[in-house]
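What follows is a set of notes on a single structure, which appears directly below.
Note that the chains are named A, B, C, D and E in the order they appear, and that numbering of residues resets to 1 at the start of each chain.
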């Protein structure tokens, strides 16, 4: 999974019916301190994550292992909101 | 999924029979404002996307979770035309 | 899928029996004009592609969705020979 | 699989129920000498790896081939703690 | 598949039982002439490849399509030892 920050939302007018109604978030990967790294991607929100929050994202076929995304043509889901991250026994990120 | 722009079409003369007849689009990943980033790829069009439009693409085995692509040797599909993208509570892209 | 050019062939003496006898091509990804980009990879040829030709390649589990590659430990196949590619309503590549 | 070093842990408050209770490690890929390379990722710990240890990680659908992760939306697991790595007939890494 | 060179071996003390006993090789991707490119990875050896040899590796779910790796949390296997590679009608690599 990746550590990623919710940076926005995507609204689409034409969709595969199985994806219809799913909340789509725009995310960017971060390092453990929350610093943005890498390119943006879009994932189905499973945990009602808010904009700006740090989350864990699951990718590939793993993204279909949930009731909401089973058999859907989606390849990324937000599986958890991160509470805190520890690196070298220090808390490097904590949810406000 | 990725945010991508349709930049062209691919026409091929010899094809696996299961892929035959599918419209193949040439795409490039974009950032949420629509700026092109990354290398080109080819995806099966599921939503009749037009050239220049911003779309969402599904990759890997997720690309086979549709009636049109089931059991096909394709690894990317266009699943939605993007209407608008919000980042930091601002609309950074809107379909014309 | 990727746009790629056939740059060579790979001959191997020891192989998983399910892959044995398959023609293995060495490819490099190209942009829509046929310019080489990215690192080389090897794919099973499904369409009798010739050296120098521009082809479409399918990757990951999608590469096993054909009679020739079913249940094989291969992760890339050549699914089509490209006839021409259109970008911005211009033909940017045409097979000779 | 990748050679990676455990650099920390991730604690999340909201989780898909199938992932709940799993220990999530923050890792970075390393070269065979243990030097950090590449971006961080998060994996489910299967082997009770300690912070600082060098481990092997399995990715994608392979990460679900264990009793702890079957049918879970996770795409990376720690499958082994590395004891030592040999390159050019020399031991380039040994667990302390 | 990738062209890769066997650069070493990985020995691990704690392993998922399904992976236990498998020979794990450390590899680096190469170009068709055998020049090292890219980051190291670890794969299960299916063909008794020797250190220094050029091999073909299969990745992702394709790595589980063999008797030795079925249902195992491994994402890379060595499927063949390369005998020779032809590029532009010239032999650019030949096994010694």
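Simple rule for what comes next: a contact is a pair of C-beta atoms (placed from the backbone, for glycine too) under 8 Å apart; a residue touches a chain by one contact, two chains touch by 3 or more.
Keep in mind it's a predicted model, so treat the numbers as computed, not measured.
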{"item": "Topological distance between subunit C and subunit D, in contact steps", "value": "2"}
{"item": "Cα-superposition angle relating the copies subunit C and subunit B, to nearest 5°", "value": "70"}
{"item": "Rounded Å distance between subunit A and subunit C, as computed from the means of their C-alpha atoms", "value": "32"}
{"item": "Distance from the mean Cα position of subunit E to that of subunit D, given in whole angstrom", "value": "20"}
{"item": "Subunit A, residues touching no fewer than two other chains", "value": "60-61, 63-64"}
{"item": "Going from subunit A towards subunit D, every chain in order around the ring", "value": "A, D, E, C, B"}
{"item": "Contacting residues of subunit D [partner subunit E, same complex]", "value": "1-3, 29, 31-32, 37-38, 46-48, 56, 58-66, 69, 77, 79-89, 92, 95"}
{"item": "Subunit B - residues contacting subunit C, complex", "value": "7-16, 18-19, 24, 26, 39-43, 51, 60-61, 63-64, 71-76"}
